[in-house]
Amino acid sequence: MAVSTRKAIHPPVSLHRASRLFRRNLLAYKHYWIAFVSGFFEPFFYLVAVGFGVGQFIDRVPYGHTEITYAAFLAPGLLAASTLNGAVFDGFFSPFFKLNWMKTYEGIMTTPVGIPDIAIGEIMWALMRGSIYGLGFLVVMLLMGLIHSAWAVFAVPAVMLSATALSSGAMILTGIAREISSLEKVMTLIVFPLFLFSGTFFPVALYPDYLRPVVEATPLFHSATLLRDLTTGQVGVGTAWHAAYLVTMCVVAGTVAIRLIRRRLVS
Amino acid sequence: MTTVTTSGNGTPLILSRGLTKAFETIVAVDGIDFEVRPGEVFGFLGPNGAGKTSTMRMIGCTSPRTGGVLTVMGMDPATDAVRIKSRIGVVPQIDNLDIELTVRENLEMYARYFDVPRDVAKGRIDELLDFVQLTERARDKVEPLSGGMKRRLTIARSLVNQPDLILLDEPTTGLDPQARHLVWDRLYRLKQRGVTLVITTHYMDEAEQLCDRLVVMDKAKIVAEGSPRELITRFSTREVVELRVADETRDKARDLLDGVAERIEWLPDRVLLYTEAGEALLSRITDEGIHPDSALVRRASLEDVFLTITGRSLIE
Amino acid sequence: MSATDIVVRNGHVFWRSWRASFFLSVLSPVMFLSAMGLGLGSMVNEGRTFGGVDYLSFFATGILASSAMQSGVFTGTYPIMSKITWQKNYEAMLASPLSVREVFLGELGWAAVTLTQLAVPFFVIMTVMGIFHTWSAVLAVPVVILVGLSCCAPVMAFTATLQTDEAYTWLFRFIVTPLFLLSGTFFPITELPAWGRVIAQATPLFHGVELVRQLTIYHLGISALWHLAYLFALLIVGILAGFRTFEKRLMP
């Protein structure tokens, strides 16, 4: 008698069970708090060195209907970039090790916590970490006078949205990558180019016409631009499009990621 | 500690008919039938690759079956995996403890995965740590523990949700003799409390010591079933005489020993003579002028059963 | 067996994956160069020069030196820790007539090979971009390798004292990154406050960057000798420290 292989090895997600993963990470991180805390400093260093250091030699940058200092241009880009870093770490590096080396997820498979719960739980964790870093960076921006609009209040949910979308994307990599050489490839071929070429350091207007659509299709571009619109007050229809892109990415990437990870854990 | 809730009076806890697991290239489990009754210790005995682990994973709802009927506690893993999982405990072949957490934290997290209420969990974890004798190591990280300790921790972990049924896949493989005996002792106590245990193993002594009933698996099929005693009686004589004969005299010994016992098995390094009375046979042989390098008389074991049925030994 | 055997052994391992590794290790700086040099460079004010050259040249020469620094530091961390602590390759090697000092020098030699593999393509790309104006630019390649090695040796020595990689988080987050950002690669250190300048001038990357720039886009001056001396001194100190810590760790 043939039996459907779908069904209850694949139960629906339960936020309640997903939060178990969250709790587990919290417990584990007690032992790694240095990495947790120090993650905050990197974008700050970049802001000082590039935003202010190099920014001295740059005139005001036209943006939307106004002109802003280079530091004010760069800061939201760095905010988005730091969300990306957190998302890659919590959505890819860490789950990669748990899945392939430490067999942590295998140990959970015999409990009622299922695979969608695991994936969502990890994303929840990434969301929390990304949001904390983001919030911290926003405060720094405020103190350095780089926030020019009350719209910036929405930057907080925007950071959360970014973190969720980017970590869902990162989890797709978790479902695919099998060897440790993948780590370097991901950093060099995906994360690093995104970091450099998403309108973070300079406006996309500087790109030649044939390259611009490529950049505008990438997730970090939307994240950075969304945040920049909000912190500079240049909010318009485009801003909504960026947010919509990120929401779609959450849903699509999340579904694909769960499917891929399931294939890795269930045979 | 673990209270027993049977699913009725003698209705099987696990029922399997024609259970099959097929991968793209091989068939790991080829249509097996078995029943596990509440409160017993049931064993799957067989060499590596026989299909024992695949069967366990299907019972534990971590691997979907490709054919046949399987019910666990009256439920079908294909539709009720979550409910089944919440009532069983699993001790896998290779430890998958959470190495980023301490001993105690591993048990705490498991309690949460199973939604054991916090106040209840705390007391239960203390009891479990005591049961597996790991109380002094509660605050340690998992990695530095010895293999035997990790296995005991995994056993404790499998008991966190007070399961009715525990699946143990090769529970003492890779452990030194002292650790093995400690694990057996703990399992025996669980058995005394009425917990149903399903064990896979390729160690005949483990199967004989622990199991009430067992099935012998080879190459994805079940080739025999019954209690250890029944199997030995059915497939083997009561005693075995083991001889080591020098290579030069082997051929001569072959002629001389022909027909002297009910069955003779020639292994690369020794000869096994199956008989009801070993000492008598041995003295007869020496009387006839055969002088082996060494000889011993022993009771027949499940290893002999396996040898008889399949022509191969359990351990390659 | 000798130090060259270490180089050869690493070469075997490397050769199996050289294409991927080569591609990746050259790709990063090239990407960085285009993003920052071109992108940022085009935003810098018209007519603003840096010691007489445009931002792209200024930045590119800085990146050349700092990539070597980062590569050198990295080579001294995880790969070495892996061989000492996790996979214990050295234990096996030392069962042969190889001495600990030879192991250290062999690894350093291999680091030099890695650095060359980074520096040369980078150099070629920059030449093609027309950044160099003097013949002395060719000397930038060995100088850059020296920068990498003088950062690698002390880090290797440090690694031999570690049991876990926890310290690396501190190293990368709080030493390498600020060094990278604030040693004159992105902007001249004259823009730093006085106390910042003093600190920067005590660090290796500053000297590396200055020396490379003097060789390639500025003019060689007497200070070049000081920069060179600093780098050599750091390398020697690193080697001596490495001999000590490696011996202590591998032959207790």
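Order as written gives the chain letters A, B and C; numbering starts at 1 within each chain.
The working rule: a contact is a pair of C-beta atoms (placed from the backbone, for glycine too) under 8 Å apart; a residue touches a chain by one contact, two chains touch by 3 or more.
Keep in mind that what you see is a predicted model, and the values were worked out from it rather than measured.
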*Quick one: which chain's Cα centre is the longest way from chain C's?*
B
_Need the central chain here, defined by C-alpha centroid distance to the all-chain C-alpha centroid._
A
_Rounded Å distance, chain A centre to chain C centre (Cα mean)_ = 30
*So, what's the distance in Å between the C-alpha centres of chain B and chain A?*
47
*asked:* From the mean C-alpha coordinate of chain B to that of chain C, what's the distance rounded to whole Å?
replied: 57
_At least two partner chains per residue is the criterion; list those residues in chain C._
none
*Which chain A residues qualify as touching chain C in the complex?*
34-35, 38-39, 41-42, 45-46, 48-50, 53-54, 56-59, 61, 70, 181, 184-185, 188-189, 192-193, 196-197, 201-202, 206
_List the residues on chain B that touch chain A in their complex, please._
18, 23, 60-69, 77-82, 85-86, 88-90, 92, 94, 96-101, 105, 108-110, 112-115
*Okay, in this complex, where on chain C does chain A touch?*
17, 20, 24, 27-28, 31-32, 34-36, 39-40, 42-45, 48, 55, 166, 169-170, 173-174, 177-178, 181-182, 186-187, 191
*In the complex formed with chain B, which residues of chain A make contact?*
1-5, 7-9, 11, 17, 20, 23-24, 27-28, 31, 102-104, 106-114, 266-267
